[in-house]
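The two complexes that follow have chain A in common; it is paired with chain B in the first and with chain C in the second.
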Partner chain A sequence: MSAPRRPKLAPGQRADVGLILEGTYPYVSGGVSSWVHQIIRGLPELTFSLLFIGGDSSQYEKMRYELPPNVVHLEEHYLVEAARRQQPKAIAGDARFLRQSEQLHDELRARAPLDRGALGAIIERLESDPRATQDDFLHSETAWGAIRERYLAYCPDLSFLEYFWTVRSTHAPLFMLARAAKVFPPARAYHSISTGFAGFLGMLLAERTGRPLVLTEHGIYSKERKIELLQADWLKDDRVSGGAAPDEVSYIRSAWIRFFEGLGRLTYHAASPIIALYDGNRLRQIADGAAEERTRVIPNGIDLARFAPLRDRRDAKVPRVLGLLGRVVPIKDIKTFIRTMRVVCSAMPDAEGWLIGPEDEDKSYARECHDLVANLGLEGKVKFLGFQKPEDVLPKLGLMMLTSISEAQPLVLLEGFASGVPCVSSDVGCCRDLVHGAAPEDRAVGVAGRVVSIANPDATARAAIELLSDEAAWRAAQQAGIERVERFYTLAQMIDNYRGVYGEAVSR
Partner chain B sequence: MAGIGFELRKHLRDPSYGGLLTAYSIAGAIGSGPWIISIFGTIALGLLSVRLGGDGGETVRFLASVTWLIAASLILSGAIQLLFTRFVADRLFEKRRDLVLPNLLGALLVTTAAALLVAAPIAVFSFEGRYVYRALLVATFVVLNDVWLLSVFLTGMKAYRFVLGVFAVAYATSIAVALLLVRHGLEGLVGGFFAGQALLCFGMLGAVARAYPSPSLVAFDFLDRRRVFVDLAATGVLYNVAVWIDKVIFWENPGTSEQVIGPIRASIVYDVPIFLAYCSTIPGMAVFLVRVETDFADHYDRLFDAVRGGGNLADIEHLRDAMVVAARDGLYDIFRIQGLTVVMLLLTGRALLVALGISPFYETLFDVDVVGVGIQVVFLGVQTILFYLDYRILALALNGLFAALNFVLTIASLYLGPRFYGYGFALAVAATTVCALFLLARKLDRLEYETFMR
Partner chain C sequence: MIGLTAQAFFPPSHRARVRAFAALAALVAFAMPAVGALGLALALGYGLWRPQREQPLWSETLDVPPLLQRAPRAPAKIAFTADALRQILGSRSAPERRFRAILATRALPPREAIPLLKTALADGSDEVRLLGFSRLEGVRREIELRIKARLSALEATPKDASARLHHRVAEDYWELAFLGLVEGEVYRHTLRTASEHAIDALALDPKNAGAALLLARVSLRLGDRDAARSALEAAVVAGMPRRRVAPYEAELALRDGRAGDVAALLAPLGGVRHDHVALTRVIAFWRGSAGE
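On to the complex of A and B.
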C-alpha cells in the first residue's frame, strides 16, 4: 500500500470548510467516520481542511480512509503532551483574567446564559498567548487563590489533592487546543462533529476568525462522557469525612461531568446551526443549553446506488438468518443477542445468528461472548464472522438485529432497509422512528420491523420468530423499510442538506 | 535502627525539669558527640605522644595533617553526602529497601576512586621522603571520605546512638594503636588514627548491611540523572567549602601561618580559637536535634501524610500552621539557648582560656568565633528545614552566598589586621543566616501555593 496522502495548505491559503474531528475520521473507523467520508466525497465542489484531535499520538498510527482529493489539509493535535521538564517560576498571575474566568465558571455552574464580554476577553487572552495563560493557570498565585476559594466554597471536605488534580487534568487540554487554534490554517467556515474538546476548539476558531461554526452531533457528547464517567473505575470515590451516601455521585465524578457539560454549553453558545440526527437529540441539545432557533435535524442518508441492487440478489425464500452488524463491545449488548438466539433456535432449529463485526476492541468481552455461545450450546448456530463487506452479507440476512443499549441513528438499520432487510431493534436513540416513522406522512409508510425493550432476550426472540414465521408480515415490513429509506433517508438528501448548510455558512 | 525521636519524646513528656534535662543531654550527646569525640580524640592522640616522650614537632605535624585530611575529605565527599542521603530517602519512600545496600557500596566505590585520584598525585608530587607517612596520608584520606558518607547516611537515617557508640570505640582504638606504635613518631600517630577510621568505616558499613539486606551487591542507580538531584551535590560541596574557606585562607597566608610538612601549613593563631569555639555549640546542637530533627520533622510528616492521604484543605492548612510554628519555635529555641551559651562564654572566656592553659592573647578572636559558630547552628537549622521542604535551589544559593562572603570578608579581615581576624567568618555566617531566615519565612507563608503550583 502506498504511503497515505498528507495534504498541507501553504501559508495564506484557506479551505472552504475546516472540519474538527475528535477521535474519529480519518484515524478511527466507525459510523461517524464513514459519515464524514461521505460528506467530503459528496461535496467535491468544496475544499476541506481536517483538524484531528486524539488522546495520545501512539493510539492513532494508521489512516483508515484514503483522503478524497478535495481534502486540502490535515493536521493532528494530541491531548496528552510530554510534560515539560523545567523549573516553573513563581508568577503573580493576571487578576482581571481570573475574575473573568470566575464569572464564566459561575455562569456555567448556574447554567445561566453566557456573558459575551467575559467569554470574549477570556478567549482573546487565551488565543493571544496560550503558553503564558497556561503558566498562569498552572503556576500563578492568583490561580492558586481561585482554586483554594472554589474548593472551600463547594467541597471543603473533599480530598484537596484529588480536587486539585481534577481541576488541573480537566483544564490542561484546553491550553493545547488554544495553541492548535493558533496554527490551524483559516477556513471560510468551521464544522465540529461533536461538542467536547472539538467543540471548544471550534469555538476558539470561530471567535478568532469571525467565521461561523457549524455543529453536528451524532450522539450527545456530554451524555456519552457522563455514562463513561459514571462507570469509570479510575475515579476514586470521595473520602468524605462525613461519609456520603454510597449511591450518591461523588463530587469528583460530577465535576468531570460538569466539565464536559460546560464544554457543551460553550460550543452551543458559539455554533449555528446546531444539527442533530433526529428530533429526540435536538430536544436534548436544547435542554443542555442550545438556543432552539439555531437547532435543526438532518438525518443520516443511505447511498441507494450501493444498497438497492442488493435486493435482487436475495433468495425468494426468507432466510432464517438473524444478523447483527456491529463491533463486539458491551454497548452493543452482544450477550442479549446470543441469549435471544437460544430462544429462537429452540423454536426454529434451522435458524442461525451471525455476528458481523470486529472483535479486537474489547478482547475480554469478546471472549465472554464466545464462552456464552458455548455455554448455551449454540456452537454452529451463532457464528462470529468478523468484519465483512455489507454488500456480501446483507442479501443473506432474514432480519437485521440491533440489541444496543445506546445508539443515535444507527446506519445499519437504514442500510438493512435499503437492501430489503427488516429489523428487530432495541428501543434506543431514534430506532423507534426508523421502524414506525416520525412525522405523520412517514408513519403512513408502515412498520419496518419490530421495536423491543433493551436487554430483553425473550421479547427480542418473540419479535424475530413472529416476523420469520409470518411471510406476509415480513414482506410488509420489508416494503415499509424500503420506502422509508427512499423517501426520507437518502444520501442525496443528506448531501443536499449539508450543501445548503455550508453554502449559507461560507457566504455568511 | 529505631529513631531517636521516640526516646527523646518520652523524656520530653516527663513534666519534671529532670526529664527535660535528660532529653537535652541525650540530644547533646548524640548531636555533637561524634565530632566532639573526633576533636578530643585527635588532640588526645597528639598530647599522649608528647607525654610519652614523643617529639613535640611530630605532634604539631600530626594535628596539622589530620586537620587538612578532614577539611579536604569533607569538601570532596560533600559532593555525595546530601545527594546520596536524598537518594536513599526517596527509595525508602518507594519501599525499595533492597536498593540501599548495593547503592551504598556503589557510592563508596565511587567515593574511594575519587579520593584516590585526588590524593595520590598530591602525595606523590608535593612531599619528599617519609614514604610510609605519605602512603598513610592517602589511605586515611580515602577512609575519611567513606566515613563521612557513611556517618551522614546513618545520621540521615536517624541512627544517632549507633553513630555515637561506633565513634567512641573507633577513637579508643586509635589511641590504643597509636600507643603501640608510639616509637614510630608521626607515622605511628597517623597509623593509629588510620586504624580507628578504618574500624569506624567497616563498623558502620556492617551495621547498614545488617539493617538493609539486599540480594545484589553493587549498584549505581544513585548516578542515574533522572533519580538524582545534582544541585544537592553542589550544595554539599559549597557548604563544606563555606565552612573551611576562612581556615584555608589563614593557612595559606604567609603572615598568619607556618609551613608544617610538605604543602601542609597551620595557623596557630586562627585554628586554636575556632576549634575551641566549635565546642560551644553543644547546647545549640542539642536543641537543633530535639526541635528541628524531631518536632519539626514530625509536623512535616503529619502535614504531607495529610496532603497525600486525601485530607481536606482546612486540615492541611491547620497542619501547615502547626508545622510553621514548630519551625519558628525550633529556630527561636536554638537562638535562645545558643545565645545564652554565647553570652556566658563572652563573660567567662578569658578565665576559661587561662584555665585551659591557652594564652589570653586569643580572647578577642575566641569571642568572635563563639558568636560565629553559634549563628552557624541557627543556619544549620534553617538549612535542614529547607531540605525537608525540598527548596534545594534556595539551599544551594544560600551556601554559595555563605562561601562567597566567607571568602571575600576573610581576605578583607586579613588586610584590616589582627584585630579583625575572625570577623570575616562571623559576618559571613551572620549575613547568610539573616538572608536564610528571611527567605524561609517568605517560603513558609506561601507553602501550599509552593507545594501544589510549582
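On to the complex of A and C.
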C-alpha cells in the first residue's frame, strides 16, 4: 500500500469546513470514524481540513482510512505533549486574568449562565499569547495564591498535593489546544464531533475567526468520561479526610468530572446547531446546558447502494452464525457476547460466534476475551476474525449481535438491516427505536430483532436461539429491518441534512 | 568568702589586690537589698509612666474570614443496609439518588452488593446502569485475573505439587458462581470447572478436607447428589469438624427426600444464633420442636 496522503494547506488558504476530531478519524476505526468518512465523501463539493486530537502519538501511528480528495489539510495534536513542553520559570503573574479565570470557574461550578465578558477576556488572552498565558496559570506567584485560596475554600481536608496536581493536569492541555487554534488554517465553518477537548478547541477557533461552530455528538462525551472516571484506578480517593462517604464521589474524581462537564458547557455555549443522533441524546444535551432552540436531531444513514446487493448473496437457509462487528474494547462488552455463545452453543452445537473487528486498541482486554473463550471451552466456536470488510462477512451472518454497554445509534445495526440481517441488541442508546421503531409510522413497520438488557448472556442467548430456530420470526424481523432502514435511515437523507447545516454555516 | 574563693582562680599578677576585691564584694552583697529594691521601683515606675506607643506584638487586627465553601469533614461512618438500597433502586426516585445508592454498595460485602448491582443493569438512567455494570465487571475481572494467574502457575508446577493450586482455582470458580456473577449455562459450566479442579486437588491430596467440602458444595449446586455424598464423607474422613459438614449433610438429606433426617443432622449446630423473629418457627420446625 502506498504511503497515506497527508495534505497541507498553504498559508493564506482555507477550507470550507474545519473538522475537529478527538480520538477518531482517520487514526481509529469505528462507528464515528465511518460516519465522518461518509460525510466527507458524501459532500465532494466542500473541502475539509482535519484537526486530530489524540492522547499519545505512539497510539496513532497508522491511518485507518484513505483520505478522500476533498480533504485538503490534516494536522495532529497530542495531549501528552502539553505536559512534556512545560518549562517552569518564576513570574509574578497577571492578577486580572486570574480573577477572570476564577469567575469563569465559579460560573461553571454553579452551572450559572456564562458571563460573556469574563469568557471573552480569557479567550482573547489565550489567543493573543497562549505560551505566556500558560506560564501565568501554571507557574506564576499569583496563580499559586489563587490555587491555594481555592483549596482552602473548597477542600481543605484534602491532600494539597493531589489538589494542586489535579488543577495542573486538567488545565495544561487547554493551553496546548490554544496554541493549536492559533496555527490551524482558517475555515468558513468549524465542526466538532464531540464536546471535550475537541469542543473546547472548536470554541476557540470559532471565537478567533468569528466563524460558526457546528457540534455533532454521537454519544454524550461528558457522560462517557464520567463513567470512566468513576472507575479509574489511577485516581486515588481522598486520603486525608479518610475517604468520601460510601454514597459520594471523592473530591478529586468530582473535580475531573466537573472539568469535562465544564468543557461541555463551554462547547454548547459556542456551538450552533447542536446535533444529536436521536431525541434521547438531544434531551440530555439540553439538561447538560445546551440551549434548546439550537438543538436538533440528524439520524445516521446507510449507503443502500452498498449494502442492499448483499441480500442476494445470502444462502436460502439462515446461517447459524452470530456476528458482532466492532472493536474488541470494554464498551462493546465482548465478554457478554462470549458468555452468550456458551449458552447458544449448548443449545445449538452447530452455532458459531464471529468477532469481527480490530483487537489492537485495548490489547489487555482482547487477551482477557481470548482467555474467556478458552475458559468456557469455546475454542473453534467463537472466532476472532479481526478487521473485515462488512461486504465480505454480512451475507454470512444469521444474526447481528450488539452487546455494548453504551451506544448512541450504532451504524452496524443499520448496516445489518440494509444487508438483510436482523439483530439481537442490548438496550442502549436508541437501539430500541431501531428495532421496534420510534414514531408511530416507524413502529408500524414491525420488529427488526430483539432487545435485551445489558450484560445479560442468558437473555441475549434466549433471544438469539428464538430467532434462529423460528424461520418465520427471523424472516419477519429481516423484512422489518430492511423496510425501516430504507424508509428512515438512508445516507442520502443524512447527507442532505448536513449539506443544509454546512450551507447555512458557511454563509453565516 | 566569695573573694577568698575567687582568689584561687586569679592570675598571679592580680592576687595582691585580693583584699580590695573582697571588700568590694562584701559592700555589694551588703547593699544589694536596698539597691535591688530601688532598681525595681524605678523600673516599675518608668514602665507605668511611659505611654504605650505601639500595638503589642502578640495581637493583630484581622478581617472576619469568609465562610468555607465546604466545611472540613470527619471521616464518613454512614452505614447503609442492602434493604434500604434495594428500596431506593426499586423506587421511582431521582436518577441521582439511585446513582448514589449504587455508589453506596461499596460499603456492602460483595454477596449483598452484587444482587443490587445486577438490578442496576436494567435501570433507565445511563449513569446508574453503567456504574452498576462497571462495578460488577470490576469484581468479576478481579476473580478472573486471579484464575488466570493460578492456571499459569499450574502449568509451571509439577503435577504432584499442584494439589493446593487446584484447590485455589476451584475456590475461585466457586466464588464466581457463589457471588452470582455468572448465570444459566455459564453458571453450570463454571461449577463444572470448579468441580474438576476440586477433584484434581483431592486426587493429589486425599487429606485435603477443605477441597472435599468444596467439592460437596459444588456437587450440591450441580444437583449431583452421589458426588456430594462421597465428597462429604471424604471431608469427614479427612478431619473436617462435624459442625461444618452438618449443614450440607442436611441439605443433601432434604434433596434426597429424607426431610425427617434434617433435624438430627442439624443437631450438632444446636445453639445457632438467629436474630430474625420470622425464622423462629421455621427453625423450631426443623429442629423437631414445633408445637412444644
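Quick note on the criterion: the second predicted complex is superposed on the first by the 495 of 508 C-alpha atoms of A that agree within 3 Å, B and C clash if a C-alpha of one lies under 4 Å from a C-alpha of the other, contacts with A are read in each partner's own complex, and residues count from 1 in each chain.
Just so it is clear, a residue touches a chain if its C-beta (ideal position, glycine included) is under 8 Å from a C-beta of that chain, and two chains touch if they have at least 3 such contacts.
Treat the numbers as computed from the prediction; the structure is a model and nothing was measured.
With chain A as the common reference, chain B sits beside chain C without any clash.
By the touch criterion defined above, A:Ile227 lies against chain C but remains apart from chain B after alignment on the C-alpha atoms of chain A.
Within the superposed three-chain model, A:Arg339 lies in touch with chain C and out of touch with chain B [touch as defined at top]. For chain A, the partner touching the most residues, choosing from chain B and chain C, is C.
Rounded to the nearest 10, the angle at the Cα centre of chain A between chain B and chain C in the chain-A superposition is 60°. Once the two complexes are overlaid on the shared chain, A:Asp157 sits against chain B and chain C alike. By the document's definition of touching, of the two partners only chain C reaches A:Leu372; chain B does not.
With both structures placed on the common chain, the touch criterion links A:Ala143 to chain B but leaves chain C unconnected.
Contact with chain B, but none with chain C, is seen for A:Ala90 once the two complexes are overlaid on the shared chain. Superposition on the common chain places the nearest Cα atoms of chain B and chain C 11 Å from each other. Shared contact residues on chain A (touching chain B in one structure, chain C in the other): 152, 156-157, 241.
On the chain B side of its complex with chain A, the touching residues are 307-308, 310-314, 316, 393, 446, 448-450, 452-454.
By the touch rule above, chain A contacts chain C in their complex via residues 152-157, 220, 223, 226-227, 230-231, 241-249, 330, 333, 335, 339, 342-343, 346, 368, 371-372, 375-377, 405-406, 427-428, 453-458, 461.
Interface residues of chain A facing chain B in the complex, by the touch rule stated above, are 87-88, 90, 138-141, 143-144, 148, 151-152, 156-162, 164, 239, 241. The touching residues of chain C, when paired with chain A in their complex, are 66, 68-70, 72-76, 78, 80, 100-101, 103-107, 121-122, 126-127, 129-131, 133-138, 141, 144-145, 147-148, 182-186, 189, 193.
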